[in-house]
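Chains here go by letter, A, B and C, matching the order in which they are written, and residues are numbered from 1 within each.
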């Protein structure tokens, strides 16, 4: 559980390049948050260039928020290239459960190449695990399920780190389970906080091959910045602006004092 | 004229899902504002999934701001599905009058399926009504026309509620005409305020089948939030941030005290 | 070197229409900044309408940030139409050097129609000039090169104004060389500041056929607004919001007092 701030410092020092193939709704937020952490975001989805862009990158984010058949083809080319280069692939299963198309394309991606981290809210991840859930668009639905076991079991099945975001985040690599209770309610009331979490996870995985602890560290730092942003905000607008402010000023003292992370199993 | 705040409360209580097929310029703003009102936005435009997404939704927003032939096909699939389900369709005729392509695609959409609310600025709506107007991109041009009659007559012709936005908004269902004078000049100097208005109208129509009063109530609430945001802003940047802040704090007292809505005819 | 504020005033008075075919990452920022300067942004990329949209416009921005083969076809149609109408075309070679696809499409655009201003950071512009550089996504790499000569020589070769952005911006029309040292470090830590610079340059070129001085004046005004924004910001989030605030309040006194522009050659 140590080395959370050390990871953040390594991100700032190395400034990894994070290639995104993502939705057009929150893409600017994802670029901003990546940059705020000291990394370098790039967004490119043309099939003609994704492989070459991956060859420059240190991690790859795939987000199905506004997917199309064409984009999925580019995601595959990028995924193969990432596997070949040995950089981590982070899949945000944004909106899984909402439509058959999303569910099938998630399956297709998961069976086409190696994905190192699969991230979603509880209803999205339960969908990926095979539960028959109708999610409400891209927002989480209530699901009666043991989140710890769900994450652990799915991680084993997918041979990937599984991240379930929510008031309590759960991260598992199939063996260890981490629980993170940082963050604030207002993050659920602002568009893009979920997608940004995937960018931050990718940023930390880019500099550390222990992807479970990298993902957990990413969430701790991101959500502490959220807690700091809430203190000076008057609502969702100033909260989002403040979130972008508070990341570059995250200090060792505040991270160590405020972190709420536990190893569950 | 009563029940404006009651409608807002119902939105917050029911949290309707608002499916958008919209432009890539202001899509993040549209998602944010929908969320701020307590509703749940979802953006999806792939022809493979729009029908299923509509089946989960409570209202559908179609915005032609960055249209393509392909997107219009998805809009049609979504529109048919919305009609079948009985949820309201809100068409933002963004940029109508600027190009023949936009004008023709608007006609095509309006003649393909039932649209419950057609919304635009004065030059866009005049274009839809058949006036030969060259608009300046997506901003309103001066048009010498009686807005009340234009809205009422077009509403009759289209069998839809017509909303003309501007310093004075006009809403008509072909019988009643409402005038709303809330809002502030700075809203015209910030990109996305028009597109966001369509999202808010859809949010209110999702919970109330009196679409004229729903649209009028939506504009009153949205624009009062704008007035509140202006008080704490130093320019267009802090205004937009403040607008996102002020929506969740709209109270019954402020809405009733500040509303400037009149039944004209 | 005079007439910088006069140019800004002419922009505000004439409110030119700036047509953008740009990436989906920073498109909202580009629209906002254009509007803040008093101009009118419009974004449209469908091949069916770009020519007609150009016929209404006063300048055209082409940005290859998230290019595709299809978009490049629309850029060509728009470019031909702009040449025919006689309005300036500004090409932002965003991410040139990162992939072969981007480099080739830049060449294709530059050889297809007349482009009045080519803008990029040092590694992007060096790529266009034929240096073999591997840029890191869309952020600038270190390049050992004489920026003044690079800009001047490339401007002669392309018969266009060349703009190299950075802590020191360099503008050349192949004869004169201007150096601008306004701005602040934080602009490099915020996504979209480069793309927005192209929008502002286009806005000033729309009202003045001396494109080198128009581009230089644009950068001076934009970056002074950045300096003003930094004073009231707590980080990248409030900086960006502040930047949107400070543009409309730029005064003759502050522009003349704060401008850091020099004619080098």
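Here is the rule we go by: contacts are C-beta pairs under 8 Å (C-beta built on N, C-alpha and C of every residue); 3 or more make two chains touch, one makes a residue touch a chain.
Values in this document were obtained by computation on a predicted structure and should not be read as measured data.
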| Given a C-alpha superposition of chain A onto chain B, how large is the rotation in degrees, taken in steps of 5? | 120
| field | Copy pair chain A, chain C: interface residue numbering same or different (half cut) | value | different
| field | Mean-CA-position distance for chain C and chain A (Å) | value | 33
| said: By the touch rule stated above, which residues of chain C touch at least two different other chains? | reply: 24, 28, 240-241
| request: Write out the stretch or stretches of chain C touching chain B in their complex. | output: 17, 19, 24, 27-28, 31-32, 35-36, 40-46, 48-49, 52-53, 56-57, 232, 240-249
| remark: chain A partner, complex, touching residues on chain C are 23-26, 28-29, 65-69, 95, 98-102, 134, 136-139, 189-192, 233-238, 240-241
